[in-house]
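Note that the chains take the letters A, B, C, D, E and F in the order they are written out, and that residue 1 is the start of every chain.
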Amino acid sequence: MKIKTAIYPGSFDPITFGHLDIIRRAGKIFDRLIVSVFTHSAKKPMFTVEERVDMLRSALKGNKKVKIERFEGLLVDYLRKKKVNVVIRGLRAISDLEYEFQIAAINRTLYGGVETVFFMPRQRYTYLSSSVVRDIAHFGGDVSKLVPPYVIKKIKSR
Amino acid sequence: MKIKTAIYPGSFDPITFGHLDIIRRAGKIFDRLIVSVFTHSAKKPMFTVEERVDMLRSALKGNKKVKIERFEGLLVDYLRKKKVNVVIRGLRAISDLEYEFQIAAINRTLYGGVETVFFMPRQRYTYLSSSVVRDIAHFGGDVSKLVPPYVIKKIKSR
Amino acid sequence: MKIKTAIYPGSFDPITFGHLDIIRRAGKIFDRLIVSVFTHSAKKPMFTVEERVDMLRSALKGNKKVKIERFEGLLVDYLRKKKVNVVIRGLRAISDLEYEFQIAAINRTLYGGVETVFFMPRQRYTYLSSSVVRDIAHFGGDVSKLVPPYVIKKIKSR
Amino acid sequence: MKIKTAIYPGSFDPITFGHLDIIRRAGKIFDRLIVSVFTHSAKKPMFTVEERVDMLRSALKGNKKVKIERFEGLLVDYLRKKKVNVVIRGLRAISDLEYEFQIAAINRTLYGGVETVFFMPRQRYTYLSSSVVRDIAHFGGDVSKLVPPYVIKKIKSR
Amino acid sequence: MKIKTAIYPGSFDPITFGHLDIIRRAGKIFDRLIVSVFTHSAKKPMFTVEERVDMLRSALKGNKKVKIERFEGLLVDYLRKKKVNVVIRGLRAISDLEYEFQIAAINRTLYGGVETVFFMPRQRYTYLSSSVVRDIAHFGGDVSKLVPPYVIKKIKSR
Amino acid sequence: MKIKTAIYPGSFDPITFGHLDIIRRAGKIFDRLIVSVFTHSAKKPMFTVEERVDMLRSALKGNKKVKIERFEGLLVDYLRKKKVNVVIRGLRAISDLEYEFQIAAINRTLYGGVETVFFMPRQRYTYLSSSVVRDIAHFGGDVSKLVPPYVIKKIKSR
């Protein structure tokens, strides 16, 4: 048997309990997971790439299967460079599905061998996203049920 | 029996016949309605909060059940302050549903007792939104079937 | 203030924790709720109308606001007879939305004054339905997280 | 590393190129795949369980990773018996998503450790299903782009 | 310029104002329309094919562009026989879209040249379907806003 | 028979194989097609209107039915000016449907006689859009399966 590796790409701005749930589920299937922070974004992020990597490190400390990286450019180029052809994504709702299928389909067009594997998060995380966390944090709301303690600390220190 | 109060939050930039339809429907169920203009927005609004409140006042003049307010910050904080735990929302289409359910779910997470009650607008208003009105107004199009006369006057005076 | 009454119609074959969640939410808004078992159905039900009413009685015992009834024929005719013009429905997912909007729209066409008010169940009940319960029960599966104890007893006694 | 096994349950009435596409994709991730024909069905199938297993055998001949089985009753009971906790499913369209999420959510409720992993078929198979094949076959239409040759032979011999 | 002909296939059990709306819209684009009653159906229809054709004739009397036919078997075989390669369909809602796209995609697979052209009905007919009409008629409800007078007469005479 | 003309409006920033597929399909139904580049846009385009018209000209060279134009302002005003009342749109996915139905419904409200006719693109273009092309081009990815050669040349020369 070969070692099975998958890449979980995202903005993780910031990491939420929803992301951690997907990582835990993917960890049952794969031997190694590379959680990769996408460093380019049209819109201004809340946290820098360094802060986002830092929060991921804190949240995933002790998880031997997981490695945290960053990447820039096209996901397919990054996959080729890493010699990994499996992508992990969480599917929450219908709007997710269409967006995720579009990305997955285009990735297949650009890189024939790539496979996207979808996981369903816990139902209580169905409506959780980083952007919801940012909105609540913006108004000083309580995000303790949505993100790990270290992220809360980081939000408060801003 | 207690007085039943509900809050109808929104940008109302500007108020449309669709909003008025939801207010009329909610008025059959609730004794008092607080229509609350959300004063913060990432994107630049067409009308100032004052103008939006003004247009709501004109459109709802004579409706004894309705009070018009403004609020800033998290809806749940505003609800707590007002001691109201019912939110009114209109549901037009599928894309609405996912967005509205996300908001409602997050509000419940932040404030356990809050209940969101959804109404279905008249079918002819299914595809009507403030942003459609703004787009048409931008190009000088006729919005007389979409918004009340006072709003048309306000649009023309710009 | 008038007494606010609403009707919650359904097959309730059998009642689930999802239905009870909607009843609890509607109870915050309405003074009286009539839970009405629809007695006609194209497909053969699992439980007789009497058994379904019996299970509702058991599950809602002590709830002073709720009255349990049965009806046959068109919902709008029943609403007219009861002099009630508010219908309660739970909205779980997209497929629900289209079906529920169709019913609500047709009801409005048949009876102008009827208003359907939608509630969102707890997220953990998003995918729960009577038909799921029947399927699991058919194969002797454990439905204790899905329905009240009295329903389990009824299922086992078959 | 442990051997990774997954179960791909379905009616396979009959197997289509869409199913084979999902099996091929899952084969990149898992060491062993058990394709399991669900033997109970409310509606009358086109092919007997034996014929469906036979067609799967023909279509998957030579694929060392795949084992073909049949099961009856609840999927979670079968998973427990097989000591497998990963289920494979293809996701084609929105209507699939809600149905599949409902099944996956209920399976989690019944058996905490079960994980459903979703794959996206080739786009050309987005609208392909066994029921479409049965409908076309019923009227003597050409299904050679939809199912393997052995299935065509079986259809013709009826 | 060639004469443009299109086929509008359906069960029309019975014809509704929604169907007539689609026919009127298609009539703006096409020179000739063949409204074709599909004579086979898994489920028992309310009206016989003869009655459905009869109701279409009554509803479309005087419309010079329209011809009413019946067909059995695969739509693509019928299209080939008629030497018509354009199919008309109404799109009401999301659930329609997936079903219609599946049919259109399979038809293309079976008959390369076939083109399906979709029209959007009047918004007030968004939730109208023959099955809704049958349900209301079953309980003696008023369908006068949903179907033409001749259909009402036919329903009453049953 | 009258000449049947339709307008296919869009941003075409840039033209993709998906657009060309819709044009080819519409060409089977209509005698003349006006492909109209919408010159106003809230967001900054990748290509100027001149470049977009230029790329359309290159891609549609030799197609006698097609005329390429530009327009500004409301689509309904442009339609009235051109004395054309048929609009062509491609429908890819659910999210498209709601957006397109909103536009079509508002256009009907503003200009009673306008009819929007929807076509379904080839399945392989289901997830293709100009914005996907721009994203890939931004990172220097290969778009040769998504747009015509002249567009690739234009992208490279930037």
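Descriptive notes on the structure:
Operating definition for what follows: a contact is a pair of C-beta atoms (placed from the backbone, for glycine too) under 8 Å apart; a residue touches a chain by one contact, two chains touch by 3 or more.
Owing to the predicted nature of the structure, the values given are computational and were not obtained by experimental measurement.
Listed here as common contacts of subunit C and subunit E: B, D. Chain centres here are means of the Cα atoms, and by that rule the chain farthest away from subunit C is F.
If you lay the C-alpha trace of subunit B over that of subunit D, the rotation comes to 180 degrees, to the nearest 5. Of the two chain pairs considered here, A-C and D-E, the higher C-beta contact count falls to D-E. Summarising the inter-chain layout, the chain whose CA centre lies farthest from the centre of subunit B is D. Each chain gets one centre point, the mean of its Cα atoms, and the points for subunit A and subunit B are 34 Å apart.
Inter-chain centre distance (subunit D to subunit F, centres taken as mean C-alpha positions): 39 Å.
Those residues of subunit B in touch with two or more other chains are numbered 94-95, 98, 101, 105, 123, 126-127. Interchain contacts (touch definition given at top) occur between A-B, A-C, A-D, A-F, B-C, B-E, B-F, C-D, C-E, D-E, D-F, E-F.
The part of subunit B that touches subunit E in the complex is made up of residues 94, 123-124, 126-127. Of all residues in subunit C, only 1, 3-4, 25, 28-31, 85-86, 91, 94, 97-98, 101, 104-105, 115-120, 123 touch subunit B in the complex they form. Of all residues in subunit B, those touching subunit A in their complex are 73-74, 76-77, 94-95, 98, 101-102, 105-106, 109-110.
Residues 93-95, 126-129, 132, 136, 139-142, 145-146 of subunit E touch subunit C in their complex.
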